[in-house]
Structures are given as structure tokens and as C-alpha cells.
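All remarks here apply to the structure that follows.
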């Protein structure tokens, strides 16, 4: 009996040690080479263009791409892959990390040594993490020049780690848009949307008087909407430089600039006649907050979030039509601040040295790829590619949203919480930014919120 | 090979449902558990044969269950680096962090609630249904109805119940029923959400009522503007507001100072603005209510008895009570219980199927004999059925304890609809998933190890029973 | 003395007392009423899901599924036809079968063999190994994901159907062994002894004696394992390659990130429900028969 037990224990331990050693030893250059060939970068064409002519022929080369897009968005991205396949003869296979947890699925595959060839990452923080851990490949010079020819340098900087570019920006979302129901506005006699924060609050009060129960619909149940509120206010009260410093935690969350921003936000959040009972607001998920504005018998009139509000309106088949019943205005200025755009986006990142990877990245950086993406019906995609004019978009609203992002140039800032380490800015867990701001919505206590934010930010590694 | 049952054996001699099959065939002396009294075959040959029978299971269990378990135990002793890398060796630090983390302690408490309530509830429900359906012809139909929830994917179950528990009575079945029942007993009237635009004329709150800032002499006409009435679908029966003419008594009008499309003067009655019918108005003098009246169809009110003096007016909070909109099923206090109900809905069928199989093997003659001897149904149930079913009951109960310890699907999906309240529903498995998602694998592994450790008491109990049977 | 098979109404007992007699007379009807009520309540969530699956998505925000009774025009088959039109989903149905059937069969076979060994064979450490096996029941899937992905990488079977099947079999084995070992332990030794005296090998005994007698437990195990694998999402998400995805993953791929997806999940859930229901109804008869057969001697 004892001998059998010991032998069992020894066997298990042997397995474990082997596994652990394999795991520990994956620090440097851990990308597996699925194609069995080393990458051969195509010679950079003069003028750094990334048109189809410079892509190599990759007959039959298959490669995998992991992304979180499903449904209509997946179809749109598939159109991009198909175009690449037709230009090069390669065979791209898209895999959706369905169920909404791309990070978990991707991490499992990376840790297990079988990463996809390319993954679409929404968090620059993740790019930085993977680069430092040596799991991803820097892009080729041809790809780098294609990126700089098509995107403002603020985009390139986001995906650069240690001087090397690792990611290609692809689609983007404009998160400085406030959406409203035109009917509610006209019923309340508001002739034009507000441009300043003071006007915004005034209009909200007018809406309340006109019978809208909860004028501003806040999706407090999804903490990330609150981080977007904060970032848009902060960038307007503290300016671009402070925004960058706070993003990288070079300035503490207890800084007076944060106090100012939170106090401005409190003017809205603590006014129950404008946002309703906080307990109720904290139950509302983001899609529900959009529904509350645009369904029939709506009890709200304004919802702030990004350009993907339009995606929710069409996805939930709400009776409002984007562009006529549902319009947006730019996030209002605070105390005379300049226009600023906060947004998000996805970067394509290479995990392996599959032959098709670098050419695909180069293609993604080009205007042709973006055109293929946005012209698919129902895609709702936007891009900050400066060589894609607003006229390329299928409808005026999308074109306008994209134009704002491109025009912002280097005054565009990527979502602060998406740049932070995921344990702080990317999770609904307690001990993260999302939960702290949810508490702020409930209590309105500026000082306590700042202390909690600073405490949690300091506890997390990887800034 | 035939054996007589003789009389019902109340003491099971094995652990397992088919012992009931065996009951009718063996006499009590024969032990059904194998022991050293085995006959036949050289010991060496038996071991080799055992190896053959065990090999496939052993390979799979070692590779896919055992190895990850050891890996997790080891991994839980290391901290977490960025991008999920293994950090430095920190011993039991991860466990320390877990036990001092409030969110995780809450999950532990939730798990305890689950373990205490659910296995017992499921087993009792399953037993009840198994017993009751024994006597009816359409037992299979009933069993199928109870079984269907098990056949539905966890995702669909979660989505279904998230919808049932939706707060809005128009959307969520639970609140439709709750509000329906409530409204049978009490109706709400008034103008919820109605409030003054600013504090120029009236101050106060909907919870306390609104009082006028100034006092008014008898003979004056008091205009009390409120806003917030839904103009696109106003309550029925309202008509245009009218300012009454001055009279000797104190009069005035309560109306909604906003019309569709905006415009008009703030604080004055404009055409198109609706009077608020049926609002209770109180006249106060020195803080005491001296008269009460109600507004009429165009919002006007008259205190006919007040012909002299100064009065302040108040609109008491009863005018503005919010209608009952149901319970907060996914709120802080009810969410764990709401999810437990969903889980019971799924697993009662599981218990019932297993217990019905066990019951089908109980020899009818034993029960007949007992009944002939004059035992009531309850005595038959208690003295014969339950003891014979004990082995199956144990399998069901222990399996449920283990399933409940690692419950994930239902909790995860339903809690996603709860917004910020999802933190109140967390159990250990969802906590593990959160750490897994943020690549804190050390913490995730520690929780996994804790889960395995928690099952040890159930296993110890099983050991003791097992040994008792053997010895 | 034999038991009679299938008598479903226990003959009346000799009850004493007037109350008992009243209860006896009404209990039949009250019982039936109670069970019908319970059955109806149990059906409500499923019924609601069915109605939602037949409703036009535009009506979702306007009210709950019960509004359909006042506005039957809301009903439509569009949600279902959208699913059938999607070849990704119809192909994934086959993948689900390719994963679930082998996983169920293998668990039954391997689990029975191991259960028999634990119940009736002697070897050192048997009891302790059995307890370890049962202890493995509690391991959550998440902590096994990364080590097993590494393992599959080494074995070079990542993304294949086999990788998913083996994972499911392994995770189903502890319950299988627990259940079957307990069940087999109750099979009377004399049956096996007699067979052995007749010169049968262990293998034959296993196939001819144990398996038939263990049919009730095996059928139960089969149903639950089938269900669990059929409805699994997480394991397939991690291990299945793009061409091997089962129905659950295909449906989840259709869910929208920022909007509700009930018009996809509800019909998907019902289409997915059909096969397990058929399996249940088939197996259900199986194990009642098995029990009856075994008890007649």
C-alpha cells in the first residue's frame, strides 16, 4: 500500500516538475514557429507605401488570427482577411474568442505554448506586458513605415515598447461622443445640443422638467463607462500632459488635478434629478443604458459613451435610427477647454514568425484594409487611419465620427484605463479602478475615492 | 440462485444503488464489499489484471487531473509577474492575501450558504418528487419536465433567469408577478417624479414634501409650479391649467410648468400647460396644518374657510410616492438566493432521476408486507424506503456538495446582469475565474487548492462510511 | 418470490382512523393536482425561453414574452431561420456530435473498467487510490487549462477533436468511477463466483455479468456525461481549433458584445436541446428495464 502510494506521488511530482520547468523557461523568445519557416520580410518599397503591389505571394500559407469580434463585426473582419487572401494567396483563419473573454483564451494559449499567429489586442498595456515577456514579435521595417505613413505618431507610440514597434493600429472607437434622443430634445425645447459642461447640466435640468424621468442614463453597472466619463473630464480639466502622466502613474491619484476632475463629475453624478437613484444606476449595464434612451417609452434622453453606442442601437434593434432619431454631440468642454478626443482601438500583434504574419500586418496598416473593414454592412467600425477619408464610410455619422479622430491628430489620447495594467484598469474586480468609480457614483466622496484609487494603483505591478 | 427477501433489511450493506437490486437476492451474511476473503486466482495475476482495467483511467487522470493539481499547488506558492509570468517564490503569501481580501471572504461566505442550503434542498426535492411520482401513470412525462432544465446549456439557463429577474416589471417575470400581487392590495396614486424646477417658490424634497418659502395672506392667488410630468404620455384626465380669480379665501393652482416643445414663461401659467388634478394641499400656520384641500380638474384649489391670516402652503410627500416596482432580485441581499433558485430548478431533475432509479429497485413485496401489517404510508417511507435509499441519497448528496463547491456557470452569467451588484454573488469559482482573467495565476491556483481542500471533509465522511461497511 | 414489474399504483393499505381515510380518498386527486401545478411552474422558464425565441427582437424592449398572448403578431420564425441559414452553426452541430459521442462512450467504458477494478479487484493501496480519485471530482476546470494546453502542445494535438474529447473524458472519470464503483460493489459476489467456476475470464465476467447488471447506473452516467459535454462551452473554447468548434462555441460567436443576444441564444438553446432530450428519453427506458430485469430471478 505504501509503495503504491509513493510511486503514485513520485509520478505526479515528475509530471509537475517537467511542466513547471517548461513554464518557467519560457521567458526569452518563447514564440513557437508554427509554419516551420523563418520570416522573410519583403523588401521595403520606396516611399513606404503599403499598397497591394508590395505584398509577397504566399500561396497556400495558412495562419490564425484571434480576435474578440463576433457576429456582424466578425463578418466585416472576415472581409479584410478575404481581401488579403485574394491578394497574396494565403489562407487566414479567424478565431473568435467567443464568450467575451479574449484575454483569458489568449493567455491560456500563450502560456501553453500554442499562441495564435496574430491576435487583435485592445489594451496597449497587454502589448507592453507581452513584449516585456518576450512573447510577441517586433514588426518589420516595412510594416513600421506603413504604420507611420498612415497613423499619427500618438498611435505608434502606444504600441512601441523599448524603442521597437510591436503592434499595428487597426480599428478605433471615438469615446468623446454624447448620444441623445432628438425627440426628447425637441420636446423639451432644446434647439441645439450643448457645447459646454454648464450648458450640458442646464439642458439636463430642462429635460428633467420636461418629464424625462432620468435625463442622463449612466451604465454604472459596467464600471468601465465611469472610467470613460472620468477620462473625458480629466483631459479637459487637467490637459494633455497631465493626462499622460496620470496614465503612467507618474502622478498620483491623490493629486489635486484629480480632485478637480472628480468635483466636476460630481456635479452630475450626485444630482439625483439628473442621473436618478445611484443604486439604480449601478444596476444598469451599458447596453441597458443605451436601451433606456432609445426604446419606446424611454425614460432617459442622453447617454454618454463611445461610437459603439450606434452598434448597440442597431444590435438591440431599437426603434431609433442613427443619424435622425439618435445623434451625438462632442463631449462638452469644461471651463473653456480645447477640443480633445479620448478613444480606444485594436492593435494587431504578431506572436509567431509565420511567413504570412508580417505581410498581413503591413496590409492591415493600409487604407485598403480599412476600406474593406468599414464598408461591410452593419460593421460599425471606425479607424484613425489618416488616409481613409470620411467619404469612404457607408453613412454620414460614421464618417463624422472617424473624421473627428483623424483631425485630432496628435491631440488624440488613448483610453487611460485601457493603458493601465489590466488588474487596475481592465477588470470589474474589487481593487480596481472600475469598482472605485462605482463607489464614487454611489457616495460622491471625492477624497475617499482618490485614496482608494491611489491605493489600488500602487498595489498593481507593471506600470 | 434465488434468495428470499424474508423481511426487509433496513441496514444497507454496501454503498451504491444496486445494492437494492442485490437485496432481493442475497442473505445478509454475504458481504458485498470485497475483502481479504476473496477466493481464486493468484494474487500476482489479479494485480496485473487490475492494472489492465485501471490503466486507461490512470493515464488520463494522471495527465489531465493529477498533474494540473500538483502544478497548481506548486504555482500557488509563487507570486504573479506581468503577463502571467511566474514571479518569485513567496510561500503561503498568496493564501494570506486571499484570507485578508474582503471580496474573497464574501465569496467564501456565499459558498458556505450554497453548501448548507443547496445539496439538502436538491436531495429533498428530488426525493419528494421521486416518491410522489411513483404512484402515477404519467411519471415519465413529469420526469421529463423536471429533466429539461438539465438539458439546457448553462448559458441559456443563466440568460433565462437573468431575464426573469429583470427589475422592470414590464420585462422581468418575477417583478411582474410581485407587482401584480402587490397592486391587488394597494394602488398608488399621485405624481411620482414631479418636482419644482428650482427653489424659488417651493422647497423640500419628494420624500418630505414641498413647502412654500413665503407665506401668503388669505385672498391671494398662489401659483405653485411643478415640473416633470411626462408630456408624451401624460396621466389620463388632465386638462389645461387655469389660474383662479382672486377671492376672499385663499386660492391657487398647482400645475406642470412645462409644455411640449418648451417655451413659455417660467413660473406663470402658459397655454398648453397641464393642471395637476387631485393634489393634496395643506395650509400651515405656525407650523401646524390648519386646513387641507385637493386640487380640481384644472389644478385649482380653494381653502374656502381661510378668509383671514397668513399661511404657508405645503404639498405633502404622499402626492409623490413612487409606485411599487417590485423587488430587487439581483440586488445586494437577494442575489445569491435568486441564483440558488435557478440552480435548484436545474438540479432537482438530476436528483429525481437518480433517486427514481434507486426507488425502482426497491422490492415491492417488502413494502406490501409492511402495509399489510398496518404501517401507515409515512412509516413505510421512514422505516423502509429511506433506509434502502440511503446509498443513492448519499451519492446524490455528496455529488451535489462537490458540484456546489465549484458552481460557476449559473452564478457567472446571472451576476453579469446585476451590474455593480455582481460582487455580492461571487463564489470561489468565479473569483478564481477573475484572477485567471487578469493573469494572476498564483492567486487563481491558490483558490483552486482551497477548493480541493474544502472537499476533504466530505471525503473523510465517505471514508468513514466505507470503512464501517468494510469492517 | 418475484417482484412485479411496473405496477404503478400501490394497492391500498389498511388505514386506521377517519382522518386517514379522508386523506386516502383525497390524496390521489390532491396529489395529482399538486404534481401538475409543480410541473407547470417548472415549465414556465423554459416556456418563456421558447416564446422569446419566437418573438421579433424589436419587441423585446417593449415588454416581456407574455405580451405575446395579446399580440400574437409578434411571433415569427425568423430567429430560427437565421440560425439555419448560418452554415457555421449547422456545421458545428456535427462537430458537437463528434465530440460528445466518443466522450460519452469512452467515459462509460473506461469508467466501468476502473470501477470494476476498484470494486472487485485486490491491489495494494486500492482504497486510498479510490479516495484520491473521488477527491479529483472537485478540481475546477480553470486550473487545469494552462497545464493541459502545455501538455497538448508537447503532444502536438492542440486544436484537434481528440484534445477536447480527452479533456472531457478525464473530467468525467472521477464521477463515473465514484458512481460505478459503488454500484458494482452491490452486485452479489456469487454471480461472479459462479461465472468464474464455469471458467470465465475476468474480461468475460466484466462484459457478461457486470455491465448488464450495472445498466441503471451506466445509463444514468451516460445521460449526465452526454449532457455535460453537449452543453460545454469553456473547454471547447480553449481547445478546439476554428474548424472543430461545437455548437455552443458557434452560438457564442454570434453573441454581440454591446447588445443583448437573446434572439440568438434562445433559438440556439432550443435547437441544442432536442438531441439531449431524445437521448434522455431513450436511456430512461433503458435503465428502468435494466433494473427490472436484474431483479427478476
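Observations
First chain written, first letter: the chains are A, B and C, and each begins at residue 1.
Basically, a contact is a pair of C-beta atoms (placed from the backbone, for glycine too) under 8 Å apart; a residue touches a chain by one contact, two chains touch by 3 or more.
Bear in mind the structure is a predicted one, so any value in this text is a computation, not a measurement.
When every pair of chains is scored by its C-beta contact pairs, the maximum goes to B-C. The greatest centre-to-centre gap from chain B, using C-alpha centroids, is found for A.
Taking each chain's centre as the mean of its C-alpha atoms, chain A lies 40 Å from chain C.
Centres computed as Cα averages put chain A at a distance of 33 Å from chain B.
Taking each chain's centre as the mean of its C-alpha atoms, chain B lies 24 Å from chain C. Residue positions of chain B with contacts to 2 or more other chains are 63, 66-67, 69, 71, 433, 436, 441.
Residues of chain A in contact with two or more other chains: 19, 23, 111, 297.
Counting partner chains per residue, chain C has residues 61-62, 123-124, 145-148, 151, 233, 252 touching two or more of them.
Against chain B, in their complex, chain A makes its touches with residues 11-13, 15-16, 19-20, 23-24, 27, 101, 103-104, 107, 110-111, 126, 129-130, 132-133, 135, 186-190, 205-206, 208-211, 213, 220-223, 273, 279-280, 282-285, 297, 421-423, 426-431, 435, 438, 442, 461-462.
The residues of chain C lying in touch with chain A in their complex are 57-58, 60-62, 123-125, 128-129, 132, 145-154, 158-159, 233-234, 237-238, 241-243, 249, 252-260. The touching residues of chain C, counted against chain B in their complex, run 1, 3-4, 7-11, 13-16, 20, 31-32, 34-35, 38-39, 42-46, 48-49, 52, 61-64, 66, 110-111, 113-114, 116-124, 126-127, 131, 133-140, 142-148, 151, 166-167, 169-171, 173-175, 177-179, 181-191, 193-194, 196, 202, 206, 213-214, 216-217, 220, 223-224, 227, 230-231, 233, 248, 251-252, 262, 265-266, 268-269, 272-273, 276-277, 280-281, 284, 287-288, 291-292, 294-295, 297.
Note for the complex: chain A touches chain C at residues 1-5, 8, 19, 22-23, 32, 64, 68-74, 93-100, 105, 108-109, 111-114, 286-287, 290-291, 295-297, 308, 311-312, 314-319.
Residues 62-63, 66-67, 69-71, 74-75, 81-86, 101-103, 167, 193, 195, 197, 227-234, 257-258, 260-263, 328, 330-331, 416-423, 433-434, 436-441 of chain B are the ones touching chain A in the complex.
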